[in-house]
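In the two complexes below, chain A is the common chain; its partner is chain B in one and chain C in the other.
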Partner chain A sequence: MRPRKILRIARWEVTKNAGGIDRKTAAVIAVTLLVLGAAAPLVVAQGGVTLDEGFYRVGVDEESPLYPVVESDSTFAVRDPDAELGSDIDLRIRGTQVIASDSQKGQAALAELRSSVGSYNDRVMSAESNQSAAFPVTVTLEYAERNRTTGGTDTLDTNTVGDGTAPDSGTPEDGNDTGPVGDGDSNGTATDGSDGTTPGDSDGTGGADTGGSTGDGSTGGIGGIARGLTGSDAMTGTPSDISPPFPFQSLILAFLFIIPLNFVIQAYGSTMLSERLNRRGELMLVAPVSRGDIIAGKTLPYFLGALLFEGLIAGGVLFLQPDSGSGLYALAAVVPLVLLFLSATFLGAMFARSFKELTFVTVSITVGLTAYAFVPAIFTDVTPIALISPLTVVVRDIQGVAIEPLSLLLSTLPPLFTAGLFFVLGAGLYREEDLFTQRPIPLKVLDSLAGRIHRRRSVALVVILLMPLVILAELVAVAAVYPISMGLPQPIWLGLILLSIVVIEELAKSLPVYAGFVHNRYDRSLRSALAVGALAGLGFFVAEKGLLLVQLLGGLPDVQQAAVVSAGPTAGIGPAVGLLLLLAPLALHVVTASTSAIGMRSGRQGYVVGLTAAIVIHFVYNFSVVMLVV
Partner chain B sequence: MFDDVRIAIARRDIASLSREKTIVLALAIQVFIAAFSSFLVVGLTSLYDPGSVESGELTFGVAGDTRTQLEEAAQEAGVEVQQYPTRAAAREAFRRGEVVGVLTADASGDRIAVTATVPDGSVQSTLAVVKARDVLEALERIERTNRAASLETDPVPLPPEADASSYFGFTYTVLVPLLLFLPPFISGSITVDVLTEEIERGTLELLRVAPVSLTDIFDGKALGMALLAPIQALLWIALLTVNGITIQHTLSLVVLVSAVALLVVVLGAVLGLVLGRRRQAQLLYSIIALGLFGAAALLPEHPATVAAKLAVGSQTTVTTATVLGLSALAVGLYATTRRYVGSIDPEQY
Partner chain C sequence: MIEARDLRKEYGGFPAVEGSTFSVDSGEVFGIIGPNGAGKTTTLKMLAGLIEPTSGSVSVAGYEAGESEMRRRLGFLPEESPLYEEMTPRTYLHFFADLYDVPDDTAAQRIHETLDELDLQHRDRQLGDMSKGMKRKVAIARSLINDPDVLIYDEPASGLDPLTTNYIIEFTSQLAEEGKTIVFSAHNLFHVESICDRVAIMNDGAIVARGDLEELQAEYGETVYYVHTTVEVPESIAKNGQYVRTAETMAEVEATREAAQEAGGSIIDIRTEESSLEEVFLNVADGRDSRAQSGKSTADPSPEV
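After this line comes the complex of A and B, so read on.
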């Protein structure tokens, strides 16, 4: 890696790359952006995109007290009440009597009308002069820990004690306040108290509701924004003001951070793949620069470009949300995400055989990584497992919640390592044999692994290298099982989690071994298979226990710990017992890796058989140990 | 003869899609996106909606001076409550896990001040807040009625409770348009690919050695991709129907999807031919396609709304007019582009 060479390649990439942004393209882009920019205010002025406009047809006469409700909600189309119920209208309203058509749609329309009436009433009431009659109930919502297992009376957490039976009576004077009154911060920390004053604006009683597309998501009111994870914020308002902890607005803002990445990887993927067309990249390969220089140089402009976009967005968010955090954490958390997008695209461009395939690979990366970043972040306020995604840190930073450095590391290191791994694997393919030939993707995957295998013991190294990917995959698997599992009995969801983890681990152990066999890095004798299998198992064991050591020393947060360490069955066991059980997992990994290694000597079908056997052994072991311990 | 050439070109592109198994990837992506968005909504709604998950015990403890009113409201909202003489007793029950939350109601001036305590940091807290809100909104309604004399306008009476699926609106206004419009978007993107790939690899020249004009090549490539989208749309409609989601006006929907597909395919083809490089063309394609989708809000009805209304059977004359207008526009633009392609000098590539 020589900085000067990298910079020079980066400069070429920007200025001279095959068809860099020429004048024609620049002009077209400028005109496009200009036209779209001119159209945007018009669209906004029109009330944005409302997908459910006129979705339900309601027959109502103008005398009905419900008429203004129906008329003010764009989801409803006003029709003649005498029309045919079912085929022409979904609801018929005469006076105050509502008849729904006998269908799912009729029932859905009725439910929509019900919630519409509620928000309409709140709007009307807020114009009343006698506010205490219009809003006769004030609510203070507070969150409290409850601890069913321990019996001590003192475990009831402190924030419930302080505020006594008289909730702040300061609020009733202006009951219709849309923004919540900064309420009694019944819990200790001052930062959380100020949190309570974050605007409940999107919720407003002034008809913001009508734009909602699916009805219930639109009330992302105070609760979602004001509530932090660190403590229990109380909030006050009218009954319709309180809402469950869901960081609706912050999530939308966090989504903004992901959008530009998709455009950046479009261009990046094209540029990488175009090196592979007509042996264009050969010139660079024969130049006196290393592979690393070429890849780093070609990636640098896109990385910086993406960071520029992210910086602009962070600045914009800070501008719009004055009470959010410094934005620095958000940026720091976004860097691994940018690298993850770029590295996955790089690997995809090395795998793809044609532009068409690259398009699909790019779309898969977009969708997959967006899901990885986005889904856990939804649970930002509910469970610490949300920390899997760096986007959670972004959301918290936008919310203005304090972020511990440890949690920042936890959510950024795995994707960072994974990005590094993708670059390393892709670099293994950045050579003449793979760049300019057409090979099926599975073979290329094996190529990229085999690129690092020179002798038997390098298998162990590759397995260790794969560890970040294993952790990331396991975390995502746990996160995916988590919502599904809520309704299932414990053995089943535990089994599901264990099974997905076992499959991921066995694949990680056996794929490098298989790649070595396919590339004839070692002979296919039984002895050789046993040796390589043992090495793979040892490598995996070392990497896994390294993590365990980090966990024992550093103390990961609960769920993170469960997710990471459920890899090994020693979760939740003290160091002493852990030491005793240390050798059992070693034996397990060696046995399972050797099982699949023996199978794969006789080709692909043998590999499938061996892998299945290894998975079964591993699963039975893990499940029984966990059942014994739990 | 000429028709054969075009069909041959279209068939070749589609065949390469299936040979590379990318079409499988494409379908997988769409399933994933649909599953992902459904997960978002269904998963989140089930967090909110107590009926959708087996939530077990959902009893609230009530205490305070005005707890009888609370009890009345809870009955109206259909929430079980347990009375406790003091706040402390209710708290104790909450701590032991006997009740999911505590509502303490006290008179405060002219109002009732309620303190709602719900569990912290668990999945149950969402549910508890929603239930508490139901009770308190019922309380608010009752109290408003009691104080109607001091109000200038009477609140509108609430219609009866409906037995509706929480996902109904989502299914038709988000899921259906998403599944219907993703295939055209991807088709347009692939049109960019198939044209720029021939140009960048230099194989366009080879194709031109054969007795085919550039217009034939354009026809073949565009039609192949434009046909893929409605086929996928039909597949999704069939899949939704199997899952018990009735989709009405299939024919109009397919016409709509075909029109949109033809529009974006023409866009992709023009960009590919004008720019000749994938990087630029693809970037511009995604910007313009997304921009157009947003700008379509300026139409009397957005195409996504049109799809939703057709699927659920709430169509109006505007809906039909939009479908016809888009189809006419697509065919017109296609014809114009064909003329333009005929005027391009193929030697420039």
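After this line comes the complex of A and C, so read on.
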């Protein structure tokens, strides 16, 4: 590829599209983007939109002990206590006497006041220097990781300090006149969980068994999920605090970063498809530029545009939240995410036959990739599952949470390589013979694979190329199946996870072989099927072992281990058994890929039969190995 | 200038073009004609490097088809005019000039001159708002933006009104006079006949006849003799005080002369009429059919022209 040509095409891509937008529309779009870009970080920085600000009008005099409660809660608007109850104010407070207006709103205001009093009391108590006095009874609830808990159940340790009497919710010891008021029917929120740190026991008591949790959330399991939701390894506070808070900030941040990408891919998909319709792209193919130049040139403006917008959002949030991270990790993680969205759209635009189909494709991409990137990022502290999404790194960096380089690699490399794969497959279709041919999407998928298959051994290479997509799909499958099936007995949920992995792997091995058969790249003899099947199996084995090597060298987290569970055990075995277990997957992949290949010789139905048989063989193998190891 | 050897292109196992071998000399205008689906466009796209042949080879100006330098020396005009309709003619042509590494000032001058020659006035109007004829002129201007040695034009006047068609054919003829090598395909055989030096007739993916017009007429055409006599002879008709007999061979002409002499008259005039390319084409098609019925190959076994 030649940078000069790429830049020229990129420049003209911008010029061309600018020709379709008049100045007024361009100005409206620019202003809208600026407003959105400025408003969104502000919303995040403030922790969200406070729709109920000043909703209840409370007449309260400054001498009342409830005044600081009302004044500190944005839900209330402070009014003159002599104002008319019902029409001007919802509550009247004189001293400690509270009178609510005779209306639904008045009753709601009273309930809110009770809740607010509880929260206020908790805050005051937390600020006390003598915490033992403030909280005579401490209940520490800790979510232990399932696979590291010897007892097999979550632990709940209670420890008492002080005189061992029941907690007294009375006035604070120091008699501070701004102390807790009322009985505080509290419904306050728990800690926000943004930093994932453990407050610990201030007085050295507590003694909860942490079960090996690391505090940075790097361990997995359901305990990790709960820990992530609650934002810490172990929480302390009043009982009302012990409820999982909604990860609002993570949600908004993830939303902020994902939404612009969906707009960018709409424009990008349209421009790529318009090259195909009416053969508009034909003349570029005759010009002295390579198709790589064309694709890169046409993609570059959208890539930079998306990156610019994401950068502005990140910069805005970082500016408003000075205690957050550097933003460098966020930007590093945004790049593969943007590329993944663009590459998937590019490939989709190569498959679609019309704008109608492109709409279907882009909606599928939006839903699929948003689910992949957005949902895990909401639970940013829930590692390692959340780390399957690069957006998790973005959110964590914005929140000022430390990010390990390995976590960055785990989050970014699979989508980065998958994006590369999508571009390579799409580029295979970016030629006259495929670009302007109207074929159904499934056949286009096969065309894209067949474009890389020129002889039998190409099959192995294509299977290796598919590995990033396999890993990405497996991570998503594990992340999706794992929480859903956790309530089921172990063999069943384990079986479901293994089945999803097996299906993905067998499809990855067999589809390139099938594409080769459909495009007559090799004959349909039994010998040929066995040969290409063996090559596909070998390719998969090589890629899988390469990944295993990375796993061993890098110590990837559990979720990655689950994805490559069929790779076999790695420690505590002798060399002979180790060699056997190393080569057994090779035999497995060769046998299953050959089984599919033999079936597909007789067409699509044969392929389905062969693939099913391969899935059964692979599943039985994986399940047996895992049950032996577990 | 152009060498095509044993070109073969298959789609899904079925041959769209097979065994095409021909060459085009520098400065020559080479026409490819044939019915729809004959393989003309596929052949032209293989020449332009747009489609990779299943087998065989193409070289243009000494470069393999698809090579960057070959593309730089080529101007291709597809059957449709696929333009970026959001652009104006000027920006569109500047874009392609940029792709062909034409310096800005040269490009500006070339665009101005070419659009003048093509009589295109609305140079800053969006292409989407232009008529089909105007778009075609812009497409032709684009094919010339790199001042190519070789032009490959696929149906350059397809779907245009007679006035624009004649304009474009004349313009193409003018390009030929300027020394461009042109490979030209058209359904309108009159246009091919008027500007092409040599012609290849394609059918079912194969070249079934080729040569210059005289050669094709000699091999596949017919010459009709209109013998004008002073007296009535057998099979003659009276016309303007004369008698005219239509003869298809020289023997018939000789027989007419003898008959006129026997009747005391003589031959006043003999006028001849050659077959048009269209008639040659139809004859070739008929011959192919008869050959096909007799089980003979329809492909032209003759060596390269």
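The working rule: the second predicted complex is superposed on the first by the 382 of 630 C-alpha atoms of A that agree within 3 Å, B and C clash if a C-alpha of one lies under 4 Å from a C-alpha of the other, contacts with A are read in each partner's own complex, and residues count from 1 in each chain.
In this text, a contact is a pair of C-beta atoms (placed from the backbone, for glycine too) under 8 Å apart; a residue touches a chain by one contact, two chains touch by 3 or more.
Remember, predicted model here, so these are calculated numbers, not experimental data.
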First, second, both or neither for A:Asn278, with chain B first and chain C second: both
Contacts of A:Glu357 with chain B and chain C, given as first, second, both or neither: first
Chain B versus chain C as contact partner of A:Thr345, first or second or both or neither: neither
Partner chain(s) touched by A:Ser407 [first = chain B, second = chain C, both, neither]: neither
When both partners are placed on the shared chain, which of chain B and chain C touches more of chain A: B
First, second, both or neither for A:Thr392, with chain B first and chain C second: neither
Which superposed partner A:Ala267 touches (first chain B, second chain C, both, neither): first
First, second, both or neither for A:Ser594, with chain B first and chain C second: neither
Intersection of chain A interface sets (partners chain B, chain C): 19, 278
Chain B-touching residues of chain A, taken from the complex the two chains share: 18-19, 21-22, 24-25, 28-29, 32-33, 35-36, 39-40, 42-43, 46, 48-57, 65-66, 68-69, 77, 90, 96, 98, 100, 104-105, 107-114, 117-118, 120-121, 124-125, 128-130, 132-148, 155-156, 160, 163, 165-167, 169, 172, 175, 213-217, 223, 229, 232, 238-240, 242-246, 262-263, 266-267, 270-271, 273-274, 277-278, 353-361, 363-364, 367-368, 371, 375, 378, 381-383, 483, 486-487
Chain C contact footprint on chain A (complex, rising order): 5, 8-9, 12, 15-17, 19-20, 278-289, 431-433, 520
Contact footprint of chain A on chain B as seen in their complex: 16-17, 20, 22, 25-26, 28-29, 32-33, 36, 39-41, 43-45, 47-48, 53-54, 64, 87, 91, 94-97, 104, 106, 108-123, 125-127, 129-130, 132-133, 136-137, 139-140, 143-144, 146-147, 150-166, 168-170, 172-174, 177, 186, 189-190, 192-194, 196-197, 200-202, 274-280, 282-284, 286-288, 291, 294-295, 297-298, 301-302, 304-305, 308-309, 312-314, 316
Residue ranges of chain C in contact with chain A within the complex: 11, 13, 45, 48-52, 68-69, 71-72, 74, 76, 78, 80, 82-84, 86-88, 91, 95-96, 98-101, 126, 142
